[in-house]
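Look at the two complexes coming up: chain A is in both, with chain B in one and chain C in the other.
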Partner chain A sequence: MIEAIAFYTFAAVTLIGAFGVVTLRNTIYSALCLGLCLAGVAGIFANLGADFLFASQLLIYVGGIAILIVFAVMLLGRTSDLHLKQVNEQWAAAFLIGAVTWVGLWRAAKIFSHTPLPIPEAAKTTRAIGLLMMGDLAVPFEAISLVLLAALLGAVFFSRKENP
Partner chain B sequence: MTLTHHLLLGAALFLIGVFGALTRRNIIGILMSIELMFNAANINLAAFNHFLHPEGVLGMTTALFIITVAAAEVVVGLALVLAIYRNCESVYAEDFNLLKG
Partner chain C sequence: MMPRSWPTEVWKDPWSLPRYRAGALWLGGILFGIVLISAVVGELCVWGEKLFAFLSHLGLSVVVVDWIWVLVKLGCVIGLIVANGLWAVWWERKISAHMQSRLGPMYAGGFHGWAQTILDTVKLLLKEDITPASADKVLHALAPVVAIAPCVIAFAPVLFGKELAAAKLDIGVLYIFAFAGISVIGIVMAGWASGNKYSLLGGLRAAAQIVSYELPRGFSVVPIIMFAGSLDLAVIDQAQAGYWFGFFPRWFIFYPVAGQLSFLFFLIASVAETNRTPFDIPEAESELVAGFHTEFSGMKWSLFFLTEYGYVMLASFLLAVFFFGGGAAPLPFLRFIPSWIWMMGKAMLMMFVFLWFRWTFPRLRVDQLMEFNWKFLLPWCFVNIAVAGLILAWGMR
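The block that comes next holds the complex of A and B.
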């Protein structure tokens, strides 16, 4: 019962935040709505028993990426942007694509609703994730650290004042 | 809460992200919509892990990798946006037509 209340609350927070991201005219409000939506997703993770994923979602997404996007919005905006239309003229076609795909995904997800799954007990996951990353997934772990290093260098290179 | 509820939440979040990526004029808005799509994929991975393989953690670990790649992507994306803004003096996607010649 408490899980259902938590799920619906976090789902409402997530969807309202996401709706604000794509519809609000002021980009800084969109960025703040993105933070709200990511926090709602973190709540969904906590409700699913993924404790380490919950913590990293809060640390990396809400504390890092959302703040970075807010910084970029503040660096790039102009005051005249606040009164301009923020969606292009193809919004009706995009809405149609979304609605049709939603109906298709709804019908596909209904297949799972006929096979009731046992609700598993939540367990601590941090130790298992650490062992997996140092064991079977050691090569992707090293590769992702290389990707992060390359992203760091690329960000420094692109944001220099004069590009050679 | 069943798997279907989580899958439908993930689908709704993904489609809102697709709508935003197709319609926003501001490139930072497009980047934010892409983040929404990443999060929808993460919800699906965590839900499948929780309901179908509760004894393993491979789905959550994949979601962690996705979070890392998303962080790298948004850092490089924002640096590119800053560089483009310095050249074009605009943040709207329809103004970026330098390659048309």
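The block that comes next holds the complex of A and C.
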């Protein structure tokens, strides 16, 4: 029962946070809601027994990326500049695409929703993840880090060109 | 009854040697007393098991017992953070005073101003709570809460003695760093919501500084995690038990090169993470009035202070566990002293180092701070990890 309460609470936090990101007119509020949304996802990970993923999600997304986004938004300017309109004239098309995608996902998920997977015990996952990353998944892991490195270098390159 | 004389008359010649010796003795005595009290609390923790069994026997459902149990542990941790605030502020004032040839609080409570912070808290509670007209009301009220809540949560896996922690987590170290990194959102919110350019600058500086220093702070303990083979604080504590040659403690700080460098990097990064003086540019009073908490008063302001001292205590306990063997005794024949006394003593020693830093070093400039982090601290942390790998490869365990 506790698992169910926790799951619905975190799901509600995630959804409310995500809804706030796209609807609130104050950009700072949107950025903070993004942090809340990501924290809710971390809570769902914890609820499913993925402890390492939970801490990484908090460390990287809430403690790093959300703060960097808030940082960037705060550099934008004064309070009066921050009240932007959240939708432009193409909101209807975006809504339609979103609705179609959502219905598709709903139908796909419905097929499996009656066969509940056993929730694993809160096991020690850190060692297993470490062994996988250094063993079976070493090549994809290194490839992803290479892509990230390229993205980093690209970001530095473009920001330097503009402001030498 | 004698009328109480003003302390300046009592301490007309405070720097005479006997007086100074007596003062030092008293301060040492207070420290010892606090350690003793913590030891008694630690011994009482044995009763926790019995309390839990008693709750289970009452015929309550498992869920209710668990909830009560979590609330009890939460109360203990919050009580510890608040008591630490009272103690650390007084201690900091005394240390700063003695380093500057002053006396510090001397009047409140009678003996060495021991009641100063308690009375300060009463004053802070009675102060008017001001929200500036240009402030964002919601975020201004929310910011201190967002700052202190992760601090309380981060204390869950912290070891206060052998096997003495509110929660046993396999990912303890990662969990603490993850939650400690969230507090900065509260600081940024405070800076922005105050509607004041100095506060905003303070918030921006805090965000840049804390996000940057999180990296060396995390990477500096990687050698420790490699030596211990686990992220669990209890396992890290256990890995340092025992003695080389029968008398030399097997603490991680004594591991050649990697241990000492790791300690140094973690200490520096921790001071930066807690926004304390060589790295207190988010609240640099000569540049930014008081930075992100300029517009806060009363209890809201003191919540920020409580957070800062909470993180200082967290870092002290982490330093004690990572590098000084946690609850292990420094010499084999001292093992009869319980582990929580050693833990508390080591943590208090580390807290003294934090306070000592604050009143010794001048403040860095913003660009120096960033340069130091990215061009010196982080690369050498990676080198340190390589050194630790070499030590492990040569079988030096």
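Keep this in mind: the second predicted complex is superposed on the first by the 144 of 164 C-alpha atoms of A that agree within 3 Å, B and C clash if a C-alpha of one lies under 4 Å from a C-alpha of the other, contacts with A are read in each partner's own complex, and residues count from 1 in each chain.
By our rule, a contact is a pair of C-beta atoms (placed from the backbone, for glycine too) under 8 Å apart; a residue touches a chain by one contact, two chains touch by 3 or more.
If you're wondering where the values come from, they're calculated on a predicted model, not measured in any experiment.
Partners chain B and chain C fit side by side in the overlay (superposition on chain A).
Counting the residues of chain A that each partner touches, chain B and chain C differ, and the larger count belongs to B. Once chain A of one complex is fitted onto chain A of the other, the partner contacts of A:62 are limited to chain C, with no touch recorded for chain B. Residue contacts after overlaying the shared chain place A:4 against chain B, while chain C stays out of touching range.
By the touch criterion stated above, A:52 is placed in contact with chain B and with chain C alike. Of the two partner chains placed by the overlay, only chain C lies in contact with A:74; chain B stays clear of it.
Legend: residue contacts after superposition of the two complexes on their common chain; A:102 is shown touching chain B, with no touch to chain C. In the superposition on chain A, contact is made by A:32 with chain C only, not with chain B. The overlay of the two complexes leaves chain B and chain C separated by a minimum Cα distance of 14 Å. On chain A, the patch touched by chain B and the patch touched by chain C overlap at residues 52, 56, 64, 68, 75, 125. For chain A in complex with chain B, the residues that touch the partner chain are 3-4, 7, 11, 14-15, 18-19, 21-22, 27, 30-31, 34, 37-38, 41, 44-45, 47-50, 52-53, 56-57, 60-61, 64-65, 68-69, 72-73, 75-77, 81, 84-88, 90-91, 93-95, 97-98, 101-102, 105-106, 109-110, 112-113, 116-117, 120-121, 123, 125, 128-129, 132-133, 137, 140, 144, 147-148, 150-152, 154-159, 163. The residues of chain C lying in touch with chain A in their complex are 63, 136, 139, 169-171, 174-175, 177-179, 181-182, 184-185, 188-189, 191-192, 195, 200, 203-204, 207-208, 210-211, 214, 218, 230-231.
Touching chain C in their complex are the following residues of chain A: 1-2, 28, 32, 35, 39, 51-52, 54-56, 58-59, 62-64, 66-68, 70-71, 74-75, 79, 124-126.
Note for the complex: chain B touches chain A at residues 1-9, 11-13, 15-20, 22-26, 28-29, 31-33, 35-36, 39, 42-43, 46-47, 49-52, 54, 56-58, 60-61, 63-65, 67-76, 78-83, 85, 91, 94.
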